[in-house]
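The following blocks contain the structures, represented as structure tokens.
Paired with chain B in one complex and with chain C in the other, chain A is shared by the two complexes that follow.
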Partner chain A sequence: MTGSALIIAAVFVAGFVGIAIYDIATSRRRKEKYRFGTVATAYLMLIPALVLAFLFVLLPILYSLGYAFTDYNLLKPNNIKYVGFDQFKKVFEEIGEKGTLYHALINTLVFVVGVVPLQIGLALLLALFVNKPLKGSKIFKVCFFAPVVISLSVTSFLWLQILSPSESGLLNSLLGIFGAEPHDWLRDPATAMPCIIVLSAWQGCGYQMLIFLSGLTNIRQELYEAASLDGAGAWRKFTLVTWPGLRSTFIYIIITVFIGACRILTQPMLMTGYQNHTVTLSYYMYQQGYSYRHVGYSSAVALLMTIVIGTVTLIQRRAFREKN
Partner chain B sequence: MKRIFNFLLVLTLACVMALCSVACDNGGTNDTDAGEVDTATGNTIVKIMFHVDEKSTEGQAYKKRIEAFNTAYKDRKIKASATYKARTVGAAGYETELLNNQVEGTLADIVTFDAPNTAAYADSELLYDITSLIPQDVQNDFYSLNTYKGKLYGLPIQESSAGFFYNKKIFRELGIDVSAYTVDNPWTFDQFKDVCGRLKNAGVTPVDMRIDATKDETATYLLYPFIYAAGGEFTSPDGYTATGYFNSAATADGFGFIKSLIDAGYTSYKIGVTDFFDGRVGMYLSSGWTIPDLDNKYKAVFASREDWGLLPYPKSVNAASATGSWSFGITNNHHSDKSAAKELLLWLTSAESSEAITTATGMIPARKAVNTDYEAGSPEYTLLKQLETSGRQRPVTVAYPTFSTCFNQVIAALGTGNVMELLNTQASTLQREMDNLKG
Partner chain C sequence: MKKQLYEDLPNFKRNKTPVKKTVGQIIYIIVGTILSLIFLFPIIYMLATSTKSESAYAASAGSLAMFLPDFANLGEAAKNYGNVFSNYGIWRYAVNSFTYAAIVIVLNILVNGLAGYVMAKLRFPGKRFLSFMIIFLIVVPVETSIIPLYSIVKIMLGLKNTMSVLGVILPATISIFNVFLFMQFFGNIPQEYEEAARIDGANTLGVFFKVILPLSKPIVATVAVFCFIGVWNDYLWPSMILPYASEGQWPLYPIQSALTTIQSIQGITTGEIMASLIVTSIPIFVIYVLAQKYIVQGFGTAGLKM
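And then the complex of A and B:
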């Protein structure tokens, strides 16, 4: 493994050095105003970021890509065989037979469809709320952002107490006041994923709230004043001034929230365990790769998932760009 | 230009230093066939990795035994070096570390592992075949051994068995007499239901079967004996066939019994984790690790052993009870001479170590030679006797992690699902995994 990593590193370094030399040489030939030293320094400054990107992004992606075409079992690291497209065939068979992967796909889709609008909507509402010059708005900002800095494991356990199926569970005891029977929120397939969606949106929206806030502060006050002079109400101001002003922020947020939602793992793992009604793609990959030790198969799923997420992200960008 | 030259010079020096530090990382020891040798003292170092936190009661017990080993083997120039990797959710954290070590080629000489992993670890040659290393009289002194395909791969640290802890005060108040139900004369499934019915009629939640504990191994460990008791099986003897076993009629009877308890309202997924300890539940299915808790905590409800007792698993076609705990195994790492590792393994599994460790954990000693001297009828006596007479291990299969998941998924869906449909689905999943592993 170390040997192959060194070979990849050597190719990467050779490529980087080649590009740098070519660029420096052509910059001289083009007689650009940049001096040779400036260009060389720029490339040297890139090295720390490139080293990190190589170690934590490129290398894992390349290994994952390679493993997807092998039968790599974590318990047998010295007995890896090339199996061509067999793992990909298994992936599609598993989906076709409506196995756990099929459920993981559906659950991830449900989660993405549920959490992306909810989280972004909540974040926007909170941002609009704390953007008003009200007393104590800073306290609200801190309160809304607090869940973001708390570990997902901690918030998951907190919600486990809230959603406890026993009569003494926080939500059940609250509903019990109105005569409702205790409900097993996380075991019931109808309520488990909605609960996880709500928890995730609550946990994550504080971060997007801050980004929306920075977007709101960039909208010039004069535009609102002009709208007021034209007789626009609050809703018209929002649709004609605020929303267009937040468009580029919104595109960034929708893409990052979408990618984050596709990778959901911690919440179902800690709150329900490996169950068909809550298993997600990332959880499925973890279970296959670590618990069942099928690194090859897990890598094939990861590769396909990356392709799907990448494609959808590109479509999103294209769609929003066209509208712009 | 001069600045760039200076920068490059610093960068080159940093690289050289980094390479030197990596090269010097092994300083102070030489790697030999028997293990690393400390060049300063000449000690052969045997590395061992434990699955518990060093500061826990169990971790402290291991630490003391390691220190005692190092003192005893000082003259023989063998030194044990221990690392502790606490389990996180289930055993995932420890298992991940073990697998990473396997991939990196940095496995310790001895590792601890959960008994159901024996088949997978042996099949992948992570564990070393210790059949010829361990004297026969020593092997005969264990209640159970970690074997796969007739070969020995591990020795248990301690034994475990489970049973039904019950609230004697509630039983006394309701006039429920269970004194006749002993390991020699276990109660039947019907008698168990009868007791549950009487508790329920009195307004007491009858039993916490831990059917909610499906996120890790807990539910599997506590509930699998019901299937054996009903005459069911999970896999073929070679561990490669699930169809016809996991979804057989007898297996369905076992799961059906658990479902009937849920349907009748005798047990539920909604029972709180402390409800038994707060005196709200009549019985609680758990292992020996609950004994220290009942002895030392929850004094308001369980002031003494007069207030609680332990009943064996009920029987149907067979009597069956839970067994299996963590074990020590020598790994197939790059040290080909296992003599020093063998010494440490024998030391840690000796009667003396077994007694010291189980005194700390409250579990059953793995060695028969340990003088347990339990009072007849005591919870410890019940667990030990049950282990000897009806203890049956979980299925030995390389697909054990999948089996455990399938079992958990059946239990989790049992409340609302049809038993046979659930078993057919999971049998198919398990069979696919077995076929995959068989190649």
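And then the complex of A and C:
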């Protein structure tokens, strides 16, 4: 392991030195002059960032690519064998046999399809509501934003109590007023993911609301006045002025919420544990790589996920850009 | 002439009579209050429950009292919070978190600030290689590199026992995106400031600390605030790499990691759980109130990532 890290380091140092020598060689032609003192200070000041970035940013990225083609097991760090595409074969077998990975895939898909429209829709509605120049809007803005302040783990534990299966749990006791039987919301496969979707949207949408709001304040007021002059109603103002004005904000929000949703991990991990009906892709990778120590296999899943998410993000970007 | 024009405009900004406006305002307040209650009910429930004993909590089930503090027995509230602090020792974990956050903030600003300064202001061979790497590392989306990171910290660097604290701190001190932010911000500082300081005999490091950093308070504050929120709210990574001394003892845990262990203590009451959740959330709440300006700026810079 240390050996491979040293090789990667050597490659990067060589690349850097190569370009540096090229820079020095062409410096006269580019009329650029390097002063020895400045260059030495520059390198010295860069060293901490370079070392840390190499160890904790670049190396993990390269390793997560490389491990996918090995049988790396955390318990045997000195015995890593190259196994080609075996891990990927195992991934597709696991999906084909409807194993845990299959459930993780479906659950993540359900979560993304549920939470992205819900969270963004809520955020947009709240932003439009708070954007009204009426009394109280500032207080409402703070109220809608409040859940964002709470961390994901606190949110998970709080909702664990709210959704508690006992009769005295908040949701069960409130539904009990109408005569409903206590329900185990998080253990029932039919209700667990919807609950996690709702609480995630609740926790997150205040953040996107603020971003939508800053997008709304950038829309020039004259456009609305001009639309009023033309006799446009509220809906036509929204479709003709607000929506086009929010387009770039919307692209940003949809991509960030999508990527964030694909990575969901904390809520199922803290609320239900490793269960087929709530396991997600990130949770599966964590469990395989960390708890079961199969780093190679886990990295193969991560690599496939990176490819899928990257492709979908690119498609989203293209789709929205073409309309412009 | 101008007034004439205004008079002629149909329905322009004058279609709302005062009465209509008042009705609109009232409806707005009502709808807003209902929406706010829907958003706040879990938080109100959390606050209310943290003041209750287990029996008072069970008694309030299914009634409005679930959302009201137990005013009759305020001693229970003191007991819940007291237990969270003394029996479950949450203050110790809070001190850990504050320490980690303080170190990370200082190092993060130093390391990334220095790199950003060099990239923005100094000329040196090989700069294009680093610029390319910065853009590359920001653009490339990576799904969870947490497990390779774990193997680097644990196996390659061998950070075990107390040393694993370094594993919590060091990866959090480097952020390519912050280097990029600093680079952008420093690049806009006019050269004259630096030259003036150099004439006064300051060296490059002196210029950075005495001229560049003081002129960059907004970006420094934004980075500091986001560092704090990041370190305070992180629970998975510290839980993975920090050891436990013996069963039920996690002397190095930050508060969010400790929270996951406190939840599973035998015999903890719902009120105490809620109290621990509130204590954990208070510092972040205070940061949001105090540093609103910088957090909103942070949203602005987040857009740069695109």
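The rule we apply is simple: the second predicted complex is superposed on the first by the 268 of 324 C-alpha atoms of A that agree within 3 Å, B and C clash if a C-alpha of one lies under 4 Å from a C-alpha of the other, contacts with A are read in each partner's own complex, and residues count from 1 in each chain.
Here is the rule we go by: a residue touches a chain if its C-beta (ideal position, glycine included) is under 8 Å from a C-beta of that chain, and two chains touch if they have at least 3 such contacts.
Owing to the predicted nature of the structure, the values given are computational and were not obtained by experimental measurement.
Peer 1: For A:Glu167, decide between first (touching chain B), second (touching chain C), both and neither.
Peer 2: both
Peer 1: Pick one for A:Leu75: touches chain B only (first), chain C only (second), both, or neither.
Peer 2: first
Peer 1: On the A-aligned overlay, A:Gln287 touches which partner chain: chain B = first, chain C = second, or both, or neither?
Peer 2: First partner only, chain B.
Peer 1: Between chain B and chain C, which makes contact with more of the residues in chain A?
Peer 2: Ranking chain B and chain C by residues of chain A touched puts C first.
Peer 1: Looking at A:Pro244 after the superposition, I want to know if it touches chain B, chain C, both of them or none. Which is it: first, second, both, neither?
Peer 2: A:Pro244 contacts neither chain B nor chain C.
Peer 1: Tell me which partner A:Pro117 touches in the superposition: chain B (first), chain C (second), both or neither.
Peer 2: A:Pro117 contacts neither chain B nor chain C.
Peer 1: Return first, second, both or neither, reflecting whether A:Ile259 touches chain B, chain C, both chains, or no partner chain.
Peer 2: In the superposition, A:Ile259 touches chain C alone.
Peer 1: Taking the superposition on A as described, I'd like to know which of chain B and chain C A:Gly96 touches: first, second, both or neither.
Peer 2: Touch status of A:Gly96: no partner.
Peer 1: So, A:Thr41: does it touch chain B (first), chain C (second), both, or neither?
Peer 2: both
Peer 1: Report, in rising order, the residues of chain A that make contact with chain B in one complex and with chain C in the other.
Peer 2: Touching chain B in the first complex and chain C in the second, residues 1, 41, 74, 77, 167-168, 269-270, 290 of chain A appear in both lists.
Peer 1: Per the contact definition, I'd like the list of chain A residues that touch chain B in the complex.
Peer 2: 1, 37, 40-41, 44, 47, 73-77, 99-100, 164-168, 182, 184, 187, 269-270, 272-276, 287, 290-294
Peer 1: For the complex, which residues does chain A have touching chain C?
Peer 2: Residues in contact with chain C: 1-2, 5, 15-17, 19-21, 23-24, 27, 32-35, 38-39, 41-43, 45-46, 48-50, 52-53, 55-61, 63-64, 67, 72, 74, 77, 126, 129, 132, 134-137, 139-140, 143-144, 146-147, 149-154, 157-159, 161-162, 167-170, 173-174, 176-177, 202, 206, 210-211, 214, 225, 228-229, 231, 251-252, 255-256, 259, 262-263, 265-266, 269-270, 282, 285-286, 289-290, 295, 298-299, 302-303, 305-306, 309-310, 313.
Peer 1: In the complex of these two chains, what residues of chain C are touching chain A?
Peer 2: 9-13, 24-25, 28-29, 31-32, 35-36, 39-40, 42-43, 45-46, 49, 57-58, 61-62, 66, 110-112, 114-115, 117-118, 122-130, 133, 137, 140-152, 155-157, 170-171, 173-174, 176, 179, 203-205, 208, 232-233, 235-236, 240, 256, 259-260, 263, 270, 273-274, 277, 280-281, 284-285, 288, 296, 299-300, 302-303, 306
Peer 1: Which stretch or stretches of chain B touch chain A in the complex?
Peer 2: Within the complex, chain B touches chain A at residues 1, 3-4, 7-8, 11, 89, 92, 95-96, 99, 102-105, 120-121, 123-126, 212, 214-216, 269-272, 275, 401-402, 405, 408-409, 412, 415, 429, 432-433, 436.
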